[in-house]
Amino acid sequence: MTRILFSDKLDNCIARWRAAGLTVFGPVKTDTLSSYAAIEHASDFDFESVLPDRSIKDLFFPQTEPMLRYTIKKRAIDTEDFAPPNDKRIIFGARPCDASGLAIDDSLFGWDYKDEYWIQRRNESVIVSIACTKADDFCLCSSLNLAPDSSTGSDVLLRPLENNKGWVVEELTDRGHEAFLAIAELLQDGSDPIAPIAAVPEKFDLDTCVAWLQNHDNFESKFWKEISMRCIGCGSCTYLCPTCHCFDIQDEGDTYSGIRRKNWDSCSFALFTMHTSGHNPRATQSARWRQRIMHKFNYFPGKFNVNSCSGCGRCSRQCPVDMGITETLQKISTLQP
Amino acid sequence: MSEPFEPKIIAFVCTYCTYAGADLAGTSRLKYAPNVRIVRLPCTGRISPMFLLKALQKGADGVLVSGCHPGDCHFTHGNYHARRRWMVFRSLLDFLGISPERVKFSWISAAEGGKFADLINSVTEDIRKLGPFDQYKELIRETETPATL
Amino acid sequence: MAKIGVFICHCGENIASKVDCTKLAAAIGEHPGVEVSVEYKYFCSDPGQESVKKAIRDNNLTGIVIAACSPRMHEATFRKACAEAGLNPYLCEIANIREQCSWVHTDKDMATEKAMDITRSMIEKVKRNNKLQPIEVPVTRRALVIGGGIAGIQAALDIANAGQEVVLVEREPSLGGHMAQLSETFPTLDCSQCIMTPRMVEAAQHPKIRLLTYAEVEHVDGYIGNFKVRIRMKSRYVDIDTCTGCGDCMTKCPVKKIPNEFDCGLGKRTAIYTPFAQSVPNIPVIDKTSCIYFKNGKCKTCMKSCQINAINFDIKDEFIELEVGAIVVATGFQVQNTAGYGEYGYGKYPDVITGLQFERLASASGPTAGKILRSSDGKVPETVVFIQCAGSRDPSKGVRYCSKICCMYTAKHAMLYSHKVHGGKTHIFYMDIRAAGKGYDEFTRRAIEEDEASYLRGRVSKVWEENGKLMVRGVDTLLGKPVVIEADMVVLATAMVPQPNAKEFAKIIGIAYDEYGYYNEAHLKLRPVESSTAGVFLAGACQSPKDIPDSVAQASASASKVLALFSKEKLEREPVVAATNEITCAGCWGCVLACPYNAIEKKDIFDRSGRLVKRVASVNPGLCQGCGTCVTFCRSNSIDLAGFTEKQIFAEVMGL
Amino acid sequence: MITQEKYRTRVKELLASNSVKMVIGYKQGSTADRRRPLFVRSFEEADELVLDSNCIGNLAGYLVTEGLLSDEKRVGIFLRPEGIRSINILAAESQLNPEQIIIFGFDTSGREVKALQGEQAEDFSGLIDSLKEKPPEKSSDALLYRIDQMNTEERFAFWKDEFSRCIKCYACRQACPMCYCRRCIVDSNQPQWINTSSHTLGNFEWNIVRAFHLAGRCVGCGNCDRACPVNIPLRFINARMAQEVFESFDHYAGTSQTQEPVLASFNKDDSETFIL
């Protein structure tokens, strides 16, 4: 016997959560784009798509975030800090890869400097993931020691029942348990058959890849130039990535006052490492692409013991020139270490 | 009762014709609306579309660009280049929903102090009728608001 | 850190009555970076200026703003005061709170508020001002005059007579240009050659003039004060230093029937020739295309005839490289080809001729020794029809403009004809009679009243031959009737047009031209003799159709501009000029195209091993006039204008 | 298929005779209908060349990769007519020497992929002139029609909504063959004319300035529109600019290698009905 949330109760759940002061988010699809957004009714959700175009990162690490307001006076500069929002939120229907992405970035944002903007939002949010019953050619969680039903980063994992009847509820954390207490009476016990999870074939052997990346001799390999020749140097792979976390701090304003903002930045951009002198240690696109791969699969795990990739495949899915992590690691896995 | 709306208008003018025309309006003691702030450039050829965007960011409800009549440019061609540029830019703004009514262009010579005063009055009135550029101001407000998500 | 001084002038009551200067000074005193904010009754007065200077010195100010009248009034005054106080004069800005504020507004609160905005915005600008130094350009005191017609000769003589060196280049074998071809000149009817040839000789013999005939300017580089010019000396095959101009060679030359260009084809010349008897220099040239030796390697009759061995068939073209400080372009005009006017029968009927051909017929030195004779049968024409605007003012087939001289020379032709052929009849078809000029209208009246020229206002539709007569069908619009005139000769007042290679030549010198190929003046009204390129001046009909007095006047004006330029060893210019960022420039050359002054050049950037890395735009501060059109064009912000930099304007707008 | 085989053979010929050092074309991508850029330097790579109606990306931008053409060796490239127009613009703006470019022209507008006659950019001038003669189609696109029917406020609201999604990844710029600047204006921070933050204001500014910089230069290849990961219909903005310069100045971008940039030139008779 398992605890089940039936689909027809979802609207009630949402109402309960909202009544309890939670804002409910979930995958939403519009004419133009799908993303995680606030919803009011069950019918607002999009459970059909393999995964939203935009990653869950948007809800925790917005593309631009005001940090403080400054006012320039004759002999002083006044500042007023902007605290991160503290609304309580439940994100219903997160993809396991997105949830894993959050867990990956937790290690960074909670490292030596505690990023209050990230941490506050994480503390106020309950992540309710739904195991994937669908995948596409770009999904690669299985190649990264994750799976369509991974629970990493989730507070609650839901397993879909056959015929979209509902979900089996697996509470994973106290925060998840607490959120589901509010709707406990809407859950039912049952033994309905669980839909099979999506098949995501393994695309490369990660250990082989990592070994190659860790070999210093390969840093200057001509492989990097070949694989990235068609890279046009846009930042869309990094910006849609649930784990890419680089940011820049900018002051914007007029003569008298302004706002200090935290904005996404991307290692794909030539400007990212440009020195004031004009020297650029990563002068070529191949050096930048190498950095992205090295960072995700060599440097980041070296520091945090986890790869900075949760296998969502967005980088390949939307790349204007059909590149991506999958192709690169597939090729690496065939190289001599 | 609310205050009557006083539009903020920023004007970009060339120094040889329109700026001199504005000076002539002054020496002739003509009176016109105090809503316009003038930025002086050597030539209309120097006036970049980006100046206009910054004027809007500074909360301008209207922008005016003015220079020498065709053929009168001190630098011979600057206003011809400018004219072409503005034709295109205006169409772009229109397509993106920034009303061409808020971005005005004129030729005013150094001798046309009267025309300058009349133009400032009519542009001020036109913009007053259009009301504040709330849609753009909303964008500015958004940049100053702490994140809500 | 910026330490800005702000000086708010009451201008008596002029500002203070409408702007609360005390309030303004107090508010501005609180502006970031403002060290001094004071008001005073008249800052432009001596004590006022002294107080500004003292404030600069006492407070080590890094910039000042004078909130007062228009910069067009006292910017120079206060910049000078800055310089005297040891502050770079370009660190001074004027906030115009009089002409553009107090004088034009009535509400004191609003005017005060506006004055604050104006002043603040200028403070923000001046914080970003850079110290600028006047640009000094060395000047080579030698002028190049291109074209040896009356305009070129006049300019060359004026410059040379003032003691400066001149190089006068003429592409034909002789000086003279079109004026040498003319018979008499309006409105005085004095003989053209009589007044022209002494000037030609004077120019040739002037110790300050280096005369290069049969020479062409092939390349011009450099900029005002510093042009480098390459001139091709076309080979005459006659040694110019040896030849005495005896003319034996010409008499002996077996090729005698070449239509003479100088006589517009009405006369003949030999293959070795001088264009006309009074040529300066009087040295013949061999016309390679007609010479038998050049055609089939045999002849050399001229060489054998020359007693002093001045003829040498092996002489090659030579090149002369020159440095000059100024260029006067006086390349003149051409007569429009009338091929497009089939209805007038030019080319079909030998007695339909152009005005210039008529000049040669009427000239005492011409092919008929001044007799008006038909080239078909050598008879004296009894009736001559003149058609004005045969090409001018005709947007459909000719040119849109008025050629300016045709009304006058047609009247002159009618007079010359009636003086030479007593009892001869003249009919002139015209659109309007344009006779504005000293003595001009009187002249045309004389043609009508004393010499009985019959003026018919209307156009000619067709000229055809019938029984040995030229039938001219036109319309007399004043009578509203079609007319047909039996004529013995028809003279077309063809349009003046630029030289056929005018546009290509303009590109060589780097000056602008209009749709026709006439060279553009820097400003139609205020700078009519300067070209758009600094240091290049225009004289004569290369700029627009002109008569002799206008050409001479413009030539002298150009000469005076050249002399003004040569009056100092160095040229000092306002430092408001553009400069490029060579690191970010992408080399698209949009700025090069957009620049009205050809002030932007392409510059090669090499790496240490001498390999060409890229080509970027580079501004020549000697040529840049500071309009800033290039800055706006540049998509990557790789070019900026001193005095009105992107940073300054950004700050100015963001400070509003 | 015929065209593909023909071109594969021609590519090999050129490689074999050392007439080109590289040919930029398309190969099979990661899904059935995806094609990805391919850099052919060997016969094996030539055999990977694919040419069919899915080959839509404009590859011209790769030609201005720093250093690619500096050895003065020739490079081949597969281009649709718009791509050939971009070559003309790049040549007119001195970004490349058109004599170094061997063009494998193709047209996907019909059912079959058709080879275009010619190998050098100027060989296609007749074709491009004929494209110019065909008036730019008043788009039948339903969305564009909707935009055109809107009043200014509605249009602003529409674009505000679109631009609010922009994440400033600059894929539009990077995918565009005309965006070859060494330093983009948005990366110039003294002064910072365009707010780099991806708030809607900054996004408006970015998209306005980019569209303006492309006015008279955009050939409508659609690279930006396809590259945009948040699906902003950038094609409409650029097409409107192309329409404007065509109607106002009879300018059709990329007709020849000597075409003057429309905004760096002028005509004294240019329209000025909007000037007071």
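Note that the chains are named A, B, C and D in the order they appear, and that numbering of residues resets to 1 at the start of each chain.
One rule holds in what follows: a residue touches a chain if its C-beta (ideal position, glycine included) is under 8 Å from a C-beta of that chain, and two chains touch if they have at least 3 such contacts.
Not measured: the values here are computed from a predicted model.
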Centrality ranking, top chain (CA atoms only): D
Pair joined by more contacting C-beta pairs (C-D or B-C): B-C
Most widely separated chain from chain D, with each centre as the mean of CA atoms: C
Rounded Å distance, chain A centre to chain B centre (Cα mean): 45
Between chain C and chain B, distance of the C-alpha-averaged centres to the nearest whole Å: 36
Separation of chain A from chain C, taking each centre as the mean of its C-alpha atoms, in whole Å: 68
Overlap residues in chain C, where contacts from two or more other chains coincide: 583, 594, 633, 650-651, 654
Per-residue multi-chain contacts in chain D, two or more chains: 185, 193, 195, 197, 199, 202, 263-265
Residues of chain A touching at least two other chains: 252, 254
Chain-level touch network, classified as line, ring, star, complete or other: complete
Residue ranges of chain C in contact with chain D within the complex: 583-591, 593-594, 615, 633, 635-638, 646-647, 650-651
Chain B residues within the chain C interface of the complex: 10, 15, 19-20, 22-23, 25-27, 29-32, 34, 37-43, 45-48, 51, 54-55, 58, 71, 74-78, 81-82, 85, 117
Interface residues, chain A side, partner chain D - complex: 32-33, 53-54, 63-64, 137-138, 229-230, 232-236, 238-240, 248, 250, 252, 261, 263-264, 266, 269, 271, 316, 318, 320-324, 326-327
Chain C residues within the chain B interface of the complex: 70-72, 96, 98-101, 103-107, 110-111, 113-114, 117-118, 121, 512, 520, 522-524, 532, 576, 594, 596, 625-629, 631-633, 641, 643-644, 649-650, 652-654, 656
In the complex with chain C, residue positions of chain A that touch it: 72-74, 254-255, 278
